[in-house]
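There are two complexes below, and they share subunit A, which is joined by subunit B in the first and by subunit C in the second.
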Partner chain A sequence: MSSKRINPTILVIIMLGIGLQITFAHSVSTNIVVIFVTCLYLCYCKASGKLLILTSLYAFPLALGSWWSFIMFGTGDVWHTAWIYASRVYAYLYLGAIVTLTVSVKNILLSLSLHLKLSSTFVYGLLASFNLLGRIKHQYKTIRYSAMMRGTTYHFWNPSLYLRIIIVALNWSQDLAEAMTSQGFTEGAARTLTYKDNLPKWQWGLATLLILLYFIFSFLVRPW
Partner chain B sequence: MSISLKIEDLTFTYSIDSKPIFEHLNFELPLNSFNLLIGPSGSGKSTFFKLVAGLYPQYSGIKNNGRILLNGQEIADIVPFERARHVAMLFQNPSRQFAMKTVFEQLVFALENIQYPTHLIEKRATEVLKKSNLWQFRDRVLQTLSGGEQQRVTLATVLVLDSSIIFLDEPFANIDSASRLVILDELKQLQLTQHKTIFISDHDISNYDGLVDHLYEIKLSSQTLAELPLTELAKLPAQTKVMQKNLPDNAVFSWHNLSFRVGERLLLSPNSLNIPKGYVGLLSGDNGIGKSTLFAAFSHQKKYSGNILYNGKPSEKIRLRNWARIVANIFQNSSDQFIKLHADEELGFSQSNSLHPEYWTAQRIQDAVNKLDLTHVLKHVNYQLSGGQQKKLQALIILIMSQPIMLFDEPFAGLDLNSLENLLMLIKQTTKDLGLSTLIISHQRRGVVEHIDYELLMDEQTIKRLGEF
Partner chain C sequence: MQTVDHKKKGWSVKDVIFLAIIAIFFGIIYQVWGFAYYAIAATPLKPYANDLTLGVWIMAGPLAGVLLKKIGASVVGELLAAAVEMLLFSSWGASTLISGFIQGVGNELGFAATGYKNWGKLGLLLSAIGSTIITFIWDWFQSGYSVYHIGLLVSLFVIRFVSIGFFSGVLVYWIKKLVNRSGLIK
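And then the complex of A and B:
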């Protein structure tokens, strides 16, 4: 990882620290600043443009939907409220993207366990399930075919389909837990960790500063 | 460091109201030796290994009586990271043993677990990968490896931990004979040069003569372990080949210029062939060559180019739902097949949807259940049956459906010879009576080839019928 980037742990803290405040803030301008700054960072990290555009398109109906419903059914300053909610969707989206599109899941989890003492059971449990995602996709197809072979069809809204996937996943998790235990993984025990990342002190300062700045502007200054 | 593993007067059961799997079992593992455990499917081979590896009763079951002692200490009380340095295990299901994404990460994960010094981890993992001839695999994604490759990675994971006792629970169930021999040889070397204690359970006793120091069998009558004379291993019938027969040219299922790839790798270059109706064929070929993928293509689960034809017509436009009534795929992984919770519900569901209800009468199904020795498990939950029982149930519920094309992917993995023969006879009888076209992938050849009508070999991106040019 390039040392010029922000540490994954700091990114998660910024995401949570600002994301939580966005929920209560009533300012379009601060949302736009968040969108602008996060986009700048995403460009700096050369995050996948295709993915960004795709997720932005996916979010569009959500933004439009809340915007429209406030215009139509809102009370008070409907234009202001509508724009707050619409911009909020994108502020959340890009705030999330600075974590998920610039760092791998493995590095996020390991960084959190290194700096914030996130439990290793949680970290490796999640990692294992992420690594199994591809198989779950494949499993979905297999389960559908197995049902069709027997003269019944599972549609994607059919709960039995998900029940089957859950049962399979439970079986997998039991096997996986046994294998991990036999490979020496011990819940709550100390482990060595080869993962290393760079977390200079100024980045803690940066996170604190950004979160505080957002707080001051959204709740004390309160621009439009 | 001297090490010992001992079982004293053990009684173990899966639930309070069921019969114990083991009763008053006493056993001491002979160290620095090569041991083999045999026994019919469902007799408790996996249970035994999980007990001595310290995984049970933590993960399942109840220990009613007795002790399992590693170096004089109750094994369940030893923390996993301590235990792993002495005892490690390879599991039946190769793909479900990995927490990490790539081969190298997996080895690092294991070393971190036992608190190996950080600065030595990379060196140690590299060393073991090179020694196991897996270096070129270091950055490969584990879930894309074939079953045999995955087992070799797990073995490397065990080696990296430097555990002195290695248990292998049916490790070759999904592995071709060439890779099996390679791994067996590797294990023997580990015993001789690094003084490891090896303990394998295997339903297939071929190739063990001369390797094994002690042979054990689970005695179902007394729920204990008995040592057998090694001469048992030499009592093997000679390996037979599939007899060449003249089969009628009556195919309803064929393929034309069929080809497919997995990622970048071409598995089959354009190939055309057909399979006769009313006969059972064997599809053989090395591990990872693409046999299961071929079945996936046949059942429209995998993209391919070319045509798959049914009754002379291309099948690509047929809706998947209808195609599933023509081509049945009996998956390598039994639990993928089940759509109900209990064994008897599965059978009932197949019976009411069967394509040949006139053939599959209640009596015939009952006979088949008896023959496959499933009578006493009908009320059980599918997922809790033993590996072998799942295999038999899975095959039966699809046989009852009786699709015209039957594709069996490793239906005999983990089955003892007796179960195998009964299942194969049932497949053969149904195929003949109903005029089905059946194709079986089986790494196990012993007890199988004698009953097979023809053999297809998949090799070097092509499929050919053996005995033809």
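And then the complex of A and C:
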């Protein structure tokens, strides 16, 4: 990982620190600043442009729906409100993207375990399950096809669908946990790591500064 | 001797993997039927789409609760589902994780109100009520419900309760009954 990038832990802190405040802020301008800055960082990290455009298009119905619903059902200054909530959708989206599109799942989890002491049970449990992603997708199809063979179609409101899912999850989690234990994984024990993750002190400062700046502008200055 | 302690009360790696696998399945289900949500969400009826479908997004929490019967299982279950969703599929970005936590807390409060003794009908009913109220308060700020007409708000609240009541209450109860009958989890 390039050392000129922001550490994944710091990215998560910025994401949550600003994300939480966005919920209570009532400003279009600060939303736009968040969108602009996060997009700059995404470009700097050379995040996949195709993926970025796709997710932006995917979020468009949400932004449009929010905007439109306030024009139709809102009270007070509906135009201002409509733009706040439409821009908020994208502020959230890109704020999430600075974490998910610039760092791999593995690096996020390992970094969190190093710097925020996220328990290794969760870190390695999650990593193990993410590695099963392809298989789980395949299994979902298998479950539905085997039901069709018996003449039933599973919809998402069918309890039997979830029973099959739970059975698979029970079996696989048992097998994986045993496999991990037999490979020397011990819950709660100190671990040696080959994973290196630099977190220069100035990045903590950067996170604090950004979160504070956002707070001052959104809640004290309160631009339009 | 190896270190698997079957009587351990806290979180074991098996529990985490179990919930994470279920969360990934949920992610796939959301993806498949999310199209219906998007079709309504692109219109002024978006708040209805939110509240009508909310129960499905919340299911992971109470399901984790009734399957593991642990303090904190609903919050952790819902948070895991949200984390998986954010890392793999979500178009809500940063708010996914925060909302997941809020939803989990709502469910957790319901089970906590029974002193973590009732994981059946009463626990699920209270958890549905808890998450309806908590998520509604959250949307008051996050989704701007504070500026909607009162008439719309009342209908949204009722729709939200019905959705959460069915998916996170009745459906989870049916699933739990099936699981019990199969004898998979003691």
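One rule holds in what follows: the second predicted complex is superposed on the first by the 218 of 224 C-alpha atoms of A that agree within 3 Å, B and C clash if a C-alpha of one lies under 4 Å from a C-alpha of the other, contacts with A are read in each partner's own complex, and residues count from 1 in each chain.
Throughout what follows, contacts are C-beta pairs under 8 Å (C-beta built on N, C-alpha and C of every residue); 3 or more make two chains touch, one makes a residue touch a chain.
Worth saying up front: this structure is predicted, and the values here are computed from it rather than measured.
**Student:** Please work out whether A:70 is in contact with subunit B alone, subunit C alone, both, or neither, and reply first, second, both or neither.
**Tutor:** The second partner, subunit C, only.
**Student:** Looking at the overlay, does A:136 come into contact with subunit B only (first), subunit C only (second), both, or neither?
**Tutor:** In the superposed model, A:136 contacts subunit C only, not subunit B.
**Student:** Who does A:61 touch here: subunit B (first), subunit C (second), both, or neither?
**Tutor:** Only subunit C is touched by A:61; subunit B is not.
**Student:** Considering only touches as defined above, state whether A:23 meets subunit B (first), subunit C (second), both or neither.
**Tutor:** A:23 sits against subunit C, while subunit B stays out of touch.
**Student:** Return first, second, both or neither, reflecting whether A:118 touches subunit B, subunit C, both chains, or no partner chain.
**Tutor:** neither
**Student:** Which partner does A:167 contact after superposing on A: first (subunit B), second (subunit C), both, neither?
**Tutor:** A:167 contacts both subunit B and subunit C.
**Student:** Quick one: is A:110 in contact with subunit B, with subunit C, with both, or with neither? Answer first, second, both or neither.
**Tutor:** Neither partner.
**Student:** Can A:157 be said to touch subunit B (first), subunit C (second), both, or neither?
**Tutor:** A:157 contacts subunit C only, not subunit B.
**Student:** Looking at the overlay, does A:147 come into contact with subunit B only (first), subunit C only (second), both, or neither?
**Tutor:** A:147: touches subunit B, not subunit C.
**Student:** Looking at subunit A, does subunit C or subunit B touch more of its residues?
**Tutor:** C
**Student:** Check subunit A for residues that touch subunit B in one structure and subunit C in the other, and list them.
**Tutor:** Looking at subunit A, the two contact sets intersect at 124, 128, 132, 160, 167-168, 172, 174, 176-178, 180-182, 185-186, 189.
**Student:** Would you pull the subunit C residues touching subunit A in the complex into a rising list?
**Tutor:** 2-4, 11-25, 28-29, 32-33, 38, 40-47, 49, 56, 63, 67, 80, 83-84, 86-88, 90-98, 138, 141-144, 147-149, 152, 167, 171, 174-175, 177-179, 182, 184-185
**Student:** So in the complex, the part of subunit A that touches subunit C is made up of which residues?
**Tutor:** The touching residues are 15-16, 18-20, 22-24, 55, 58-62, 64-66, 68-76, 78, 81, 84-85, 89, 92-97, 99-100, 105, 108, 119, 121-122, 124-126, 128-130, 132-133, 136-137, 140, 156-157, 159-160, 162-163, 165-170, 172-174, 176-178, 180-182, 185-187, 189.
**Student:** Touching subunit A in the complex: which residues of subunit B?
**Tutor:** 50, 53, 55, 58-59, 79-81, 83-85, 87-89, 91, 93, 95-101, 105, 108-118, 121-122, 142-143, 157-158, 161, 299, 301, 320-321, 324-325, 328-329, 331, 335-339, 349-350, 353, 383, 397-398, 401, 403
**Student:** For the complex, give me every residue of subunit A touching subunit B.
**Tutor:** 106, 124, 127-128, 131-132, 134-135, 139, 141-143, 145-153, 160, 164, 167-168, 171-172, 174-186, 189-194
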